[in-house]
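There are structures below to look over.
First subunit A sits with subunit B, and in the next complex the same chain sits with subunit C.
So, the complex of A and B:
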């Protein structure tokens, strides 16, 4: 398989790839979503929300432990047979295309609001997706390197917000703790779990890790780092604005940055947005990569470039479809829910199917 | 005398040539100036004269060995490529006074062996029977000797011609390092490396490239250090080169690099022996090419283009300071002009009010948008630079004054370009000169243009995307299996001590992590041992 050649990554790179997929537009919107559901206890909701990805990662690990396979498509075929297996792979590819498109649109909405108002939506979409397509047409190795580099480069921007948060924060905004019903927390966790979407792609990257034993641990590290960064923003934003006000802003994190006064630069959030482009183009690219990777392998394409190219107009169409930001948010809510269900259900189904097929094989062997 | 010739059965193949008697007769006739009967030497000479016809620079020097008229011989060489004094003193003179050496007393005759062994005092000498081979060697600057009644053709090297003096490389000047630079002659260059690095495991594997130019190429590496797979890969890629002519290292570079469409240089070129030796000691491989005072080092990585030998020759603090300066200069030279364009045309609200008013005041009467200004300035300055490169120094200075000072001043006065833009572009150009490697500074000019266009179309968003594409591209690049962007991506923390900072030499205990070598250890920290005692 030429597509897979040069795809092996180190477990360290897997950490950065996973952070890259999970950390995205959540930085800007998670405080709002979490505050809406759980008020001042939003941070608790975020921690609870991380249980979903945790479960998903464990299931995926179990799947690969039970079945030996060199790639996601292969494991699907092994477990579900030729047709059903292909169907499973296609479901993930479709989901990835949908997610990437919606993320792309959300991304462009932010860009339109803060950087480019007048440029036509379509031009911005095409421009941005071209950059993502360039990355998506490469292999896992390159994606690993890029994520590793950008992680270190962009980590400092997390702390851009530190002066603003420290200056204006009030610990009373986070009080009182544990003021909600258990069912509220459960509902909130469902919402916040979506911010981690991207974890399900672990199912694609797992077989490419050189030392497969380290892969699961690496993914847990990635989850932990993502959780810490999200918690930092959620706690920071809510401690500045309080849960009521946080819900009112579309992008509360940027509002916090706007309160900071820095010499020379009039608006620090401008720099933050620039760096944020580097953060949030990654989930789009990685989702895009996974979709075109799966399709290339299914169709036995010589080069992943063709499937990347083929998906390009589809994604532009999906991203261009919502008429306004409210529709975008609605769509992104759906996608978040799908992410949770795919992340849990897909590995679970595969495991169950695997048990049957393995049994059937055993029976066949006995008969023979 | 005739008798002596007759007794020499040694080298005469009876089948191919006339009988000994006939030869004797020929010699006799030849003495009578009769040219009709062709002697063996004449036979070969005819062939060479025919093959080499139309070449005015090729000399046929006839002589009699030891004054013996039967032993006539011919030297064939190219006039410009031999050392005349050496030819006269060590080839022609001994030949003319040659008495046959030891063999004379035994057999009373002469053989090619005895000529080679006891007559010609030339270091590089060999005998062949293939006339075509001899001809080709002659064209490479050798002298060939045909002797009557001897089948072999003697080929010797009496190389001369003018070689350029060893000078300090113009583009890589240093204050504390060696002032020696490479010259066009490959053997001189290899010798300089041998002199600096007399390690017995230093291998110099020579081959020829170019069907017509037949240029010598040497792959130089430390056998005890360089990774075998890497050496094999380099050699196999060089072997695959099939082209009629190789004029400079650039040809080789384009044939062997991993990503032929990338704008970034994937082999590091240098004119300085100390750089080559430093690379060899890191387990890298040097490719020398004849007629090029420029050596290619592979595998190359991005950061190597931003390092200079002086970083290591001066104190570590200075090295670190200069590296940081270069990093900032790199950012400025690529992004200052695009950032200015993005700020003035897309995001004026980001500029502090007073500065904004200043800029607006300066730009008040300029009719163009900033991007056009920038492109005009870029065009003028790039043209000036390109013109200055080719012109004689005296004229270039005038050009600088006329182009830079007068034109710049006039452009501002006539409101074609705002002074702010002139400042930005000038800083950009100065910073470009800080990049120590010429190939890289060329690429950076392209990168700047690309970012300027993106900034003009999409503002700061465009610049960021431009940078992202560049970073993706750099992550994608590999040079002989070594990640081009390492140690940044993949991040190798061990190598970071020689990236932005330059730690003391004794603290760099290991060779770079990203290049495969057989022996990682570079130094045992002598300082720590001393402190321990």
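So, the complex of A and C:
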């Protein structure tokens, strides 16, 4: 499939898309997860966790370097053949559907707790997913532009949290440094690595970048920016609460905001949530887009709108399925684990398959 | 053009999602009651609604209706646990209760001595609508009596107590403990939290001292002077006044009042397994009063005398409190645990921290810096 000229994105837009996929509810819950595993060294666990996406991005780059293709589905078919290649594509599409659904549900849990307590779950799911579906039915260029625009929503988020962090933080809450076993850090890195899930979608967006050579650098920039934002929140929250109290809160970042009052605005956590909506709907939309896009390409649909529409009830069902917040978190953990597996295993498998395909082709050419 | 239209449409849809609170969550202001103050007490036999009731929860709600007898509605309900008592208040209220503007949590003295306050305040700490910056106050006697006391010149006790706590850090060396600081002290630092103690004397509600809450319960009470010292030793930054006698060569030569801010610096060394703390209390401010009509510029060393005298005065009080902490309280009453935890690689329990505080060497140094002498030389 040829990339439509209107669908290509700039490397700058890729940065914003990648940030959009990786940043989401992790802002709110990562300090708790990281503190649980690595205590006051949570920040280190976050840095170590970013090694997984780094490895994945490098593998994806290698994959596209070795195989020239215009889309993810095309590269899968090129190296795996029609059936196996389609299977690889379907795996990523299913994963994206699952991830988008879980992210949607996590988002709704936060909204339910802080803003809309009485609104039925289904109404909230449908409303939110409708917005995401609208974006998912467009093309990579729209996704890129919107993510570029919404990136600046992050600024008020950081700005709102500053008074609470500056006023109440204590550096001793981050000490002593390096006080855990290597195995603890490894486990912690695995947990924090989940927070970056979404990085694996670089495999879908890489071919859309106008200057392909700049794509890998852009993805690294995105990873770095995401890492800095996560570090800001993890260090900020733990320096305020201490690692023990951080673990007690479901959404510690929001709780930190509740520790300080700003004149006139007063309850800044509610303003933060408003801004955070603009951040958290992006990973859902981008995952949704990728799933719709892969399915549309596999089924050779004329318009991506049909696959978007078809996935809508499936995602609502998955998001509606968990009965309580613990099931949501459990599902979220599974998704994180799958993300790490897919992010590393999928490009690796495709590279290995690609090597055999190239050899086979070379032999065939020689025989011919 | 087409792309722009898409973006506009998408932005509009997103805006709708953000701005619309939804039909189900629409709330009319007339249907809400907004408590400012909540009080928890142990229950008296005569107050029990059911035989198993243990707690009395009192809620103070401002009334916004005009032409009503009272502008402050006080409701008390009972229950086996705080949540149950709190839930029963709905049978007495015509409106939905929103805790978003709760400002003060009052805890009766008996309750605070008997029960674990971390458990008691769970219902508040768990509610995301309650801000973590609400003030916690221990009431001498019963909190329910205080909440029902109309303060002079204030619309209600909730507004008065919030103003008292909010401004006390700029007028007194008194603790101003919020829900978040209380939890951080007890859970993360495993130290004792210093809570303000309020009394009602001759119809006036006032700050009387403080209580040390260790492992969730009151484990020590302090009067005004000891509270001031504890605030300085614990590093709670305030602004207040201190009166002292100025001494030169052991003789009282003047009496003066200092007004200024405090801060604390702690250094910790572990020498042969023994923890040595050096607590430096810094006071910086102005002499707002001195009795003798000796012009300051005439006695070039008068300022030095004031500084030395105040340093000695506070040091004496601080050393007495350190001794009391190590020998009487026998737990970390000085907020040193965070330094111990930050300097120790072993996993320490609360008992370890308390033992270290008891056995350590704690040196106090006071540094006073008088920057000004007011509008009169």
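Operating definition for what follows: the second predicted complex is superposed on the first by the 360 of 368 C-alpha atoms of A that agree within 3 Å, B and C clash if a C-alpha of one lies under 4 Å from a C-alpha of the other, contacts with A are read in each partner's own complex, and residues count from 1 in each chain.
We adopt the following convention: a contact is a pair of C-beta atoms (placed from the backbone, for glycine too) under 8 Å apart; a residue touches a chain by one contact, two chains touch by 3 or more.
Quantities reported herein were computed from a predicted structural model and do not represent experimental measurements.
Asks: Return fit or clash for subunit B versus subunit C, each positioned on subunit A through the superposition.
Replies: Partners clash after overlay.
Asks: Which partner does A:144 contact after superposing on A: first (subunit B), second (subunit C), both, neither?
Replies: A:144 contacts subunit B only, not subunit C.
Asks: Of the two partner chains, subunit B (first) and subunit C (second), which one does A:98 touch, if any: first, second, both, or neither?
Replies: Neither subunit B nor subunit C is touched by A:98.
Asks: Would you sort A:134 into first (subunit B), second (subunit C), both or neither based on which partner it touches?
Replies: Once the two structures are laid over each other on A, A:134 reaches both partners.
Asks: Looking at subunit A, does subunit C or subunit B touch more of its residues?
Replies: Of subunit B and subunit C, C contacts more residues of subunit A.
Asks: In the superposed arrangement, which partner chain does A:22 touch: subunit B (first), subunit C (second), both, or neither?
Replies: Neither partner.
Asks: After the superposition on A, what does A:274 contact: first (subunit B), second (subunit C), both or neither?
Replies: both
Asks: One more residue to check, A:73. First (subunit B), second (subunit C), both or neither?
Replies: Neither partner.
Asks: Give one of first, second, both or neither to describe whether A:158 is in contact with subunit B, with subunit C, with both, or with none.
Replies: neither
Asks: For A:204 in the superposed arrangement: first (subunit B), second (subunit C), both or neither?
Replies: A:204 contacts neither subunit B nor subunit C.
Asks: With both complexes overlaid on chain A, does A:340 touch subunit B (first), subunit C (second), both or neither?
Replies: Neither partner.
Asks: Taking 39-47, 201-209, 453-461 or 525-533 from subunit B, which overlaps subunit C after aligning chain A?
Replies: Stretch clashing with the third chain: 453-461.
Asks: Residues on subunit A in contact with subunit B in one complex and with subunit C in the other?
Replies: Touching subunit B and subunit C on subunit A: residues 115-116, 119, 124, 127-128, 131, 134-135, 138, 142, 145-146, 149, 267, 274, 277-278, 281.
Asks: Show me the residue ranges of subunit C that touch subunit A in the complex, using the header's touch definition.
Replies: For subunit C paired with subunit A, touching residues are 3, 6-7, 9-10, 13-14, 17-18, 21-25, 100, 128-129, 131-133, 178, 180, 183-184, 187-189, 338-339, 341-345.
Asks: Would you pull the subunit B residues touching subunit A in the complex into a rising list?
Replies: Residue positions touching the partner: 346-347, 349-352, 458-462, 464-465, 468-469, 471-473, 475-476, 483, 485, 488-491.
Asks: Over in the complex, which subunit A residues touch subunit C? Could you list them?
Replies: Those in contact with subunit C are residues 6, 113-120, 123-124, 127-128, 130-131, 134-135, 138, 141-142, 145-146, 149, 168, 170, 172-173, 175-176, 179, 241-246, 248, 251, 254-255, 258-261, 267, 274, 277-278, 281.
Asks: Which stretch or stretches of subunit A touch subunit B in the complex?
Replies: Residues 10, 13, 111, 115-116, 119, 124, 127-128, 131, 134-135, 138, 142, 144-146, 148-150, 152, 264-267, 270, 274, 277-278, 281 of subunit A touch subunit B in their complex.
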